[in-house]
C-alpha cells in the first residue's frame, strides 16, 4: 500500500522535474494566484462597443494576450536561433524598426502623409518580410559562414538597424491614416478579440505544422548539440543555423507589422526598444538552455506571456514605469531559482528526509 | 569501499558493491559495458555523490568523505577517466599541473621543464607548451596518464587507458604500472582487453549489472571463467569467428563496389588507391597516427578532398560532403565517438534515426510509430542497455553509446559500411558479437571496411588488409599473407630497407 | 568669453576663410522635433554661408562628451551643443575655454556656470508647461482627472512640462489619475493608458509631454471606444507641433498642442556673427518665441506655418 | 615545417596580434587621412579618459567570458553606482572616502549574488545578469530620477585632478602649449589591466579560469573547484563594475539614470574584438585593452568624419565593426585550415 503511494508521489515529482514546460506554467500560476489575492477585479473581462461600433472584449487578460503577441512571435524565432547556434540575436528590436520603416515606406511612398495608400498593405508586408529575411540572412552568414559568435555578429545590426530604418524613410515620420491599417494592431470589425493575438496564434500554428511535417526540430537540435557529429550525419550545420536566422527574420517582420499598426506610425529610436532582451528572457523562462541544443517551443511562447503578464500586473499596481525593470528582475530571479535543477534536487531530498522522519515517528 | 549504492533516473548503476584495493597490487575491474565500472570509479573519486555506502582509506579513522575530485586528489587518489578529461584550450604542461599543489603563483619555467622531462621519459611525442587540442587522441590519453602517474599518489585509477593506445605504448604503460606497484601504489585498472589483464594484474573484481560478482586472485580465474563471470553465461570461443570469415573468397571477377584512385584530403594523407568488392571485409592497419582514419574520412567526404577520384559501382561520383557519400550508400562510424558520433542531449531514439532521417529528407520525417519501431528493433538487435528509447544518449555507458551509433548506420542500410575502431571500449562479449555481425552483414552482401588497433581482431574479420605508414599506403596483404608477423614486417618495412 | 579670445579665434581661421563649427546634437530620428531642428541647422551652416560644419549625433551623454572633446582637439571655432543630459558638462566646457573655443548651447540648457558658454538659445520649457496648464484651467471642466504621461525623466522638457502641471494641479486641486513616464515612446504611452482603462478608473484629460506619446495614448482610447477631442469625453494635449498633430487638432480629435520651436539656427548664426565682429552679447540666454494651439481656434495657415 | 610553425601560435595570441595590427592601422590611417585632432596626442589620451570605465568593465567581462560566462549587468551597475554615490555626496552630505566604499559595496553585492546564483545554483549567467541589469537600472531611478551635477567640493577637486603626461603636450588652437593629461580613472584602469593580466597569465587561479572555460567537466576532474572558480569570476566582474562605476562617476561628475546605457554591449564587443571568445577558454587582457581602444577609435573616427546625414553614424560604425570581425574570422579560418 505504502509503496504505491510513494511511487505515485515520486512519479509526480519526476514529472515535475522532467517536464520543462511546467516552469512557465508554474510561473503563470504564481502570477495568477498573486493577482487573485491582491485584486480579483484583475480578471474582469467586459464586452464593449468600440469606435467603429463593433463589440470588443477588454480587460487585463485581453491586454496580456494583445500586447504579449509581438514577444510571443519573436520568441518562436529566437528559440530556433538559440537552439541552432547556441547564441542569441540582439538585433531584433532594430530589425523591427527596419521592417516597420519598410512597411510605411511602401504604403506611403515618398509622401509622409498620403491621403490614400500607395500600395496594398499585403504588398508592403511582403516587401518587409523579404527585407527582414535578408537582414536575417546577413546575420546568418556572419554566424554560420564566418563563425562569428551570434551576440557579436548581431551587434552589428543592433548598432546600424535604427539608422537604416531612418534612412529608408529619409528620416521622415510617416503617418498612415487609412483605418484598415490599424486592424493589425487593433480589432477587425466584427471580431471581439484583438488581431495581434490572432496573428500570434497563426504563427504558432505555422511553426507547429513546420515541426510536425518537417525535420526542423531534429535538425536544429542535432546541430545545436553537436555540430561535428551532425555534419558526419549528412547535415549542413551552417545552413541550419542560417535558416534559423532567416526564420527569425520572418518573425521580426510580422512583429514589425503589428508594432507599426498599433500607432499607425513609427519612431525609429524607440520602436520595440529593448524587446530583444525580453525575447531572450522568454526563451530562458521557458526553461531552454541559452547555449543551444534541445528546446521546447511551447514553453518559450508561454515564457513570453509570463513576461507580459508580469508587465501588465506591474502597470496595474501603478509601479513607475522606469522602475518596473527592478521588480521584473526580482520576479525573474525568483522564477529561475525555483526552477533551477540544483534547487529542486535539494528540495526533493529535503522532503524525502522529512518523510523518512515522519515514517520513523 | 563498502556497500556502495548509486542510481540514476531509471537505472540502478551500483547496488551493494564492495571493493577492496591493497597496497602494491594491480587490481582489474572487469565487467560488460554498462556494468557500472566507470560509475564505481566516479563515486570513489567524488564526481558522483553516492546514494549509500562508505569509503575507507588506510591511515584514516572511519569513513572518509570524498565530495569532489579535488578531495580525492588530496587523499592521494589520482585518476585517468574513461573519456579523456583534459582542457583542450590549455597547453600540455598546464593540463599536467593544473589543479595540483598549493599556493597562488605558478613557476612556468619549472613547470614546462618538468613536463618536458616527463614527456620525454614516457616517449610522448608532444611539447610541454603545445596546445592540447593540437594533439591526437592517443597523445592526449598519454598526457592524461602522465599527469596521473606524476602525482605522488597512493592509489592510481586507470579507466580504460589503453583503448586508444597501440601495443608499444601499452607496453610502456605496463612498465610504469609495475614500477609503481613495486613502490607500494595500489592500482585499479579497467580494460576490456583480457590479455592485458593477465599480463599485469594481480587480482580481478567482476561487476555485472551494477552488482558485485566477486573478487578473485588472477591465478584462480582462467580466461574462460572470467568471461563467463562477466557475461553470466559461457561465451562461444573467439576462434569460431575465424571460420566464418573464411566464407568470403576473394573473387577477382566481382567488380568493386567502391574504387578509389589517388585520393587525397586536406588532412594530409598521401594519395592512395583502394577498392572493395561486394561482400568483402577489408581493413586498414598501421601504427598510431599512420593515417588510417584519414583515409576513410576522405572516402566519406568528412575531410575536404583535394584530389583523386572515387568510383561507385564503376561510375565516378563526386563526394564533397558526408551527405554525398551517404547518398551513394556509404556509411561511416567515426572513431571519436564523443566528438563526432553521439548527439549527447538527444534521446537514443533520435540518435538511431538521425542518419536515416537525413537521407530521407527534410520534408519527410518518420512518424512517431516508425521511429519507435526502428529504435526498439535495434535496441533489441544490438542488446543496447538503456532505460528507455527516450533516455539521452549521453547517460549511456560508453560501449552502449557505440552500439547506438552502429545502429544508426545500420538503419540506413548501406552498401558499404566503414567502421573506424568500432570495438574501442567495448566489452569482450559485445566485441565478439560485433565481429560476428560484421561477417554476417558481409555474407548478406554488404561491403565493410574495418579499422581496429587490435591486429587480432582484424585478422579474424578481414580478408584483405591495407597497411599504412606515415600517412602513406605501403602495402596490401591478403589470403596467405595475412598474419601478425607479415603485418609487422610491412609496417616496419621502411626501416629494414 | 571675452573679446580678446574672439580676436584670436578669428586669426586662427582656416585659410579658406570658413568658420569651423562643431555641432553636437541628439539623434534626429528621436522625434519629428529633432528632425526639423537638424534640418534647420544643416541648411544654415553650409559652405555657401561661410561655415565648415561637422556634425556628431548621439542620444548618450558620454558619447556626446567624447565628441565634444574631439571637436575641441580638432580646433573648431564654435562648439554648438544640444546636450542629452543636463549634467556632466563642466570639465568639457572648461577645456573648450582653455582652447579658445566658444560654446553656444541650443535647444537645451545645461547645468553649468554661465561664464562657461557664450550664449544659450533655448526653449523655455516651464513656460510651455505653464501655457498648457493655464489653457487646461481655462477649460473649466467640472472635474479634472488627468493621466499625465511624462517624457524621459530628468530631461529639460520633462522637468519644465511636468513642473507646471504639478503646480497647477496642486493649487487647483486636480486629480492626477496616474503619472508615468513613457520615455517619449508611443508604445509605452499606449500601454499606460490601456492599463488605466482596464482598471476602470475615470479620467477626462490626457496630458502627454510630446505628440508621439499623445498619439500612443489616443490609440489606446480608440481601441476602447473612448471618444476624445473637442466636446468629447477626453481632452488630449500634446507638445511639439508636429504637422500631423496639428492636423489632428484641425480635425478636432485632439484639443491642445504646445509649440516647441526647433528653428534656432538663425539665432545661433546671429550670435556667431556678433562674436566674429567683436560685438558684445547683451543677452546670454535667448528664449524662443512659442505658443500653444487650441483645436477650436487653429487654422490651416497655422498648420502650414508652425507644423514641423 | 611551415605548418608546424603556424600551429605553434595559439588562438589567443593570433587574435591578439590581429587586434593590435588592425588598431594601429586604423589609428595611423586616421592620422593620415583625417588629420586634425588625430595628430594631437591629447586625442589619444581623451580616448583613454572617456573609456577608462569601459576598460575596467571590459576586463571584468573578459574574465567571465574566459570562464564561459557572461555579465550584462555592468552598465546598470555603473549607473547605479554613480547615482547612489551622487545622492550620497550631495543630498546626504557624505564624504568621498565613504562614497568609494559605497561603490565597491554595490559592485561586491552584485558580484556576490550573481556569483552565487551562477556558480552554486547553476543558473544560466545570461539570465542572472540580465535580471541584474534590470534590477540595477530600475533601482537607479528609484534612488533618484533626475540627473544632477555633484557639487561636493572634495569630489569636484578629485574629479578635476589631471595627471600630466610629460612631454606629450601640444600647441592648441590659440597658440598656447598645453600639457597632455589623463584623469585619475585612467591610472586606475591601467593598474587593473596590469593586475588582471598578471593574475590571468601567471597565477594558478588565472589558469583555473581558462580551464573552466575550456571544459567545465574536465576542469572538475582535474581537481579544480569549478564552482568556486565561476563564483570568483562573477564576483570579480561585479567588483570591477563597481570600480568602473566610480571611475565613470569621476569622469562625468554627475548622477543620471541614463548613464552608461549600452555599456555592457560595448564591453562585450571590446572583449571579443580583443580576441576573447564567448564560448570560453580563450582570451587575453592585453587584447581587451586594444579592443576597447579599437572600438572607441572607430566611434571617434566616425563621429568626427563630418558625415552629412545622421544615420551614417550608426551605419558606418556598424560597417567598420563588421569589417573588423570578418577580418578576424577569415584569419582564424586560414590558420585552422593551414
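In this document, chain identifiers A, B, C and D correspond to the written order of the chains, with residue numbering beginning at 1 in each.
We adopt the following convention: a contact is a pair of C-beta atoms (placed from the backbone, for glycine too) under 8 Å apart; a residue touches a chain by one contact, two chains touch by 3 or more.
All values derive from a computational prediction rather than experimental measurement.
Taken together, subunit A and subunit C share the touching chains D. Note: the chain lying farthest from subunit A is B, by mean C-alpha position. By number of C-beta pairs in contact, C-D leads when A-B and C-D are compared. Here the spacing of subunit B and subunit C, counted between their Cα centres, is 72 Å. Note on chain placement: the centre of subunit B and the centre of subunit D lie 45 Å apart, centres being C-alpha means. Mean C-alpha position of subunit C lies 33 Å from that of subunit D. Among the residues of subunit A, those touching two or more other chains are numbered 162-163, 166, 171, 320, 322. Residue positions 141, 145, 257, 310-311, 313 of subunit D each touch two or more of the other chains. Residue positions of subunit C with contacts to 2 or more other chains are 27-29, 153.
Inter-chain contacts, as defined above, occur between A-B, A-C, A-D, B-D, C-D. Of all residues in subunit B, those touching subunit D in their complex are 45, 47, 68-70, 72-73, 79, 81, 84-90, 94-95, 98-101, 103-106, 108, 130-131, 134, 147, 266.
Taken together, the subunit D residues at the contact with subunit B in this complex read 7-8, 10-11, 202-205, 207-208, 210-211, 213-215, 217-225, 281-282, 337.
The residues of subunit B lying in touch with subunit A in their complex are 9, 300, 302, 321-323, 326, 332, 334, 339-346, 350, 354-355, 357-359, 361-363, 365, 408. Considering their complex, residues 117, 120-124, 126-128, 130-135, 137-139, 141-142, 145, 257, 265, 268-269, 272, 277-279, 309-315, 317-319, 321-322, 325-326, 328-330, 332-333 of subunit D touch subunit A.
Within the complex, the subunit C residues that touch subunit A are 27-32, 35, 59, 153, 178, 180-188, 190-192, 194-195, 197-200, 212, 215-216, 219, 222-225, 227, 242-244, 247.
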